[in-house]
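Given below, in the form of structure tokens, are the structures.
Common to both upcoming complexes is chain A, partnered first by chain B, then by chain C.
And now, the complex of A and B:
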């Protein structure tokens, strides 16, 4: 029943969303009024290169081939899928001739390492503290935390990130100013390298962690205060159930349900990178890569990153959907 | 009928609400004297917003901000010794719950934790009070109790949303009475249930009471439920008890004008004349009328009613009324 009525339609929907998303990624650049081929040639001309007409045609056809712009849109579309299934996302133009996949794979570990850790940690800690602060809403420590969160959360991220950078890297010099590891170090599984990575990631991670933990804290506190007013909590209290059980198994357990959906969505967003973090801290990652790709009109790279991001978001939403009945027995997929 | 097991003396419990910097006092329970006896069903009746549920909270020793105890006391008699509830610590009060005084909430969708099986709710409630070393023991106890009350033990494996409203309420009552409490406090336990289910729930409460020989304090605005189950009834109006008598006398010889209105508004078989309800609406408890709080709605109001609250007059053994029409009240002033 579950398989036929829910899982298979849900998987078909999942595949369809990805197909449609990637199709949009294919068509949108082609609908834009600038032609990457002509643009490249204009750039070459601007640099003063003189091209013979024959050489020009050759360059145009080479560029069209590299961009996958040969033939009608339909031919291009088929060829596009063909290459995609072979794992070929084309070559980057702004870092010619590195394949897009290689660029993404170099940036991905940095982004995932930083964002996965901060997303999970801020979710866990923000919700835990928010849960207790919501349950003990009239205690002074809870009010203090609430006041801090109220000040911190609306801070614009770039200002907050810069403030941390100025204070801890520039004035106090506790942490490095920029980069993902010490310059000149080759990525490897050796202790000095790992140490350097951790060291460099403290400030970027802290900046993301504090702001998103404050956001989780605030929403969790509100949800908990609503759950607190539910009659099953009042009933448990009036029946003398131990407070530790009420907080964990009655209040926080129920309040976590909407937060789990939120976690799924923010995990999917990881693959779009954290642009401002990466710019402020000159941190290598998908955000900077995407930014450079956009600035340089590197269509293959933009498409490659977008495809990753589409797959990541749809997959994490799918996982949350499938996991949800384990957290909330009222949700049933017949 | 035995001795008093639960007493309230000049009990005053007010809500202090902070509204835009101004403190608003809601006099929800204002000078209530009650004596509830062992092995009886005591009903508290009155319109919505008259302080019934607040009185119940005070009796259950569950006064929490914004509700505050402003005066008077609640006394339990536990194993022959009288205990002023205000002297108990939080932990001592917690230990009395379910074992000495149990609470049956209003029947609603969310009375049981929606993400846990009934079995786990039972286990939490039991393990909070008994030292159950083995996991199976709590479960066996619950199973045994359900069978005693005629409920199918397999409902322990269900989630709350899989049960009907009536079944959920029965499960709740079974849970509340699991540890054989001396007092059961019911806050509108039959409200929000249809009449057929209501009957079953009332029957279950009666069964439990006759089995445990304990006391039930039942709050409901439904006079039909009171007629069905209560031995004695207290009529509450604007935070005060205005009349108290056995159920037969409340229904047969209501004395206070408010009680008369309540009884007269009930439908009777064969009688097709329109029922008269109480004129007007209940007073605001933030700013109750002077004197007898019922005087603005009372057809018999006299000058003195506007100035002074009468004390209780005993119109019969075990029947007391606070009304100037009956007497000025020498016994136990209500104001």
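And now, the complex of A and C:
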């Protein structure tokens, strides 16, 4: 039953979302009024990109293939998918002729490291504190935290990261201004390098962490306040169950379920936010790669990052959703 | 009027309301600006704040104070276009999905779920990159509107779903009310508060994205917005050179704007329906 009612529809949806997203990526340059190939080349020229002789011809033929300007739209569409299945995202223009996929793979560990730690930590800590703050809603510490969240929550990633950068890197000079490690250091598993990486990641991680923890805190607090009003909590209290047990075992546990769905739904937003944060701190992940691609007019690289991200994010959301049954017995025994 | 008085009792609403009034006045001042916002070199460069130039001048030779009035106005225009147009899409999608149900519902909700899962920021960057030449206040607003309706359509749909189960729906249908009339006359008033609070949230989202796109250099940099002001300040190394008045003006204005919009939407939705707070503050 579980398989048929939950797993299979979810998998079908997963495939369809990827199909839809990548189809959109395919059609966007074709539906817009100007010729994508000429447009891209003009863009690169306007930005004074240096190209070796002969590189231009390769780029034009590459672009024509990528935008698949030979044959009918349907042929083009099939060819596009054919390339994707071979893992071929074309070559980057501004770092010609490095394949886009190689650039993405170099940047990926930075983004994954930053994103994984901040997302998990902010979800866990935000929900835990939010849970207690919701249960003890009239204590003064709960109100203080709520007030802080009310101020932090609405700020967009860019502004918040930039404000932290101004304060801690320029004004107080506690942390480095930009980069992923000290300049000139080669990636290795040595202690000085790891130390440098951690040191450089404090501010970017902190800004993503605070923003998303504030969001989890707020929703969790409200959910818990609603759960609090349910009769099973009153019953537990009347039967003399310890307060700490009620909060952790009954209230927070019940309130966590919508938060898991919420995590799945907000992964896309958190990911975009992380890209933007990376740009602020010139952190060498996908965000900064994207920034360089935009500044250099490298449409192929932008398209590659987008396609890659669509697949990565929908897959992560799928994984989160598939974990749901472990937490909700109602689905497990369905 | 009573409603307004009640709302003002909420500190957050009062603060947000006055801050927004202040910002709107500020934006309206742009009508009296002695300078043309699109022209550079009208005043001496890089002056500190003084009696003559209240917030100093920037490296483009523009007066920061007067430029900021245009910036707030233009950012608000983008936000209003994005917010209103995406509200229209969200209302239509939400109402059709909620009222028609069945395969319409499944198809539309699949579409909005997809928009929620796909990293839209990247798709918007791709599009902005290609149409940059024709990206002005209106087209940027429309671009953001096109992608900004998904979450709110879901919220409206769930409200319509619950309204459809109410008795008055049956009464209306049995007494011969047409579908369109039923939806517009009977459901709209119930959905209005929700639409309004999502409008405010959506406007904040649009301004945030406008700032981000501007920083990436994807907008027309000659139009002053909160984003393009910040772009120029960063581009001219205003931080390293200690020109704090230039950097802090757009930052302070946008922080005020974001907090005011958020507090307004939270206090209004809590006032209207404390039980569904969760949905609206939701992720």
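Following the convention adopted for this analysis, the second predicted complex is superposed on the first by the 263 of 334 C-alpha atoms of A that agree within 3 Å, B and C clash if a C-alpha of one lies under 4 Å from a C-alpha of the other, contacts with A are read in each partner's own complex, and residues count from 1 in each chain.
Basically, a residue touches a chain if its C-beta (ideal position, glycine included) is under 8 Å from a C-beta of that chain, and two chains touch if they have at least 3 such contacts.
This one's a predicted model, so the numbers in the text were calculated from it and none came from an experiment.
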Notebook entry, point to check: Thinking of the overlay built on chain A, is A:294 touched by chain B (first), by chain C (second), by both, or by neither?
Noted result: second
Notebook entry, point to check: What's your read, chain B or chain C touching more residues of chain A?
Noted result: C
Next item on the list: With the two complexes superposed on chain A, say which partner A:99 touches: chain B (first), chain C (second), both, or neither.
Entry: neither
Note to self: Contact-wise, after the overlay, does A:156 reach chain B, chain C, both or neither (first, second, both, neither)?
What the structure shows: second
Note to self: Looking at A:266 after the superposition, I want to know if it touches chain B, chain C, both of them or none. Which is it: first, second, both, neither?
What the structure shows: second
Margin query: One more residue to check, A:250. First (chain B), second (chain C), both or neither?
Written below: first
Next item on the list: Classify the contacts of A:317 with the two partner chains as first (chain B alone), second (chain C alone), both, or neither.
Entry: second
Notebook entry, point to check: Which of the two partners, first being chain B and second being chain C, lies in contact with A:13: first, second, both, or neither?
Noted result: second
Next item on the list: Give one of first, second, both or neither to describe whether A:219 is in contact with chain B, with chain C, with both, or with none.
Entry: second
Notebook entry, point to check: In the superposed view, which residues of chain A touch chain B and also chain C?
Noted result: none
Check: Can you list the residues on chain A that touch chain C in the complex?
Finding: 13, 16-17, 20-21, 24-25, 28-29, 32-34, 36, 39, 43, 150-151, 153-159, 162-163, 166, 170, 215-216, 218-219, 222-223, 226, 262, 265-269, 271-272, 275-276, 279, 290-291, 294-295, 297, 299, 302-303, 305-306, 309-310, 313-314, 317
Item checked: Sites on chain C touched by chain A in the complex -> 12, 110-111, 113-114, 116-123, 125-127, 129-131, 204, 207-209, 211-212, 215-218, 230, 239-240, 247, 251, 254-255, 258-259, 261-263, 266, 275, 277-278, 281-283
Margin query: For the complex, give me every residue of chain B touching chain A.
Written below: 60, 62, 65, 93-99, 102-103, 105-106, 108, 110-117, 120, 124-125, 128-129, 159, 161, 172, 175-176
Check: Can you list the chain A residues touching chain B in their complex?
Finding: 138, 230-232, 234-242, 245, 249-250, 253-254, 257, 327-330
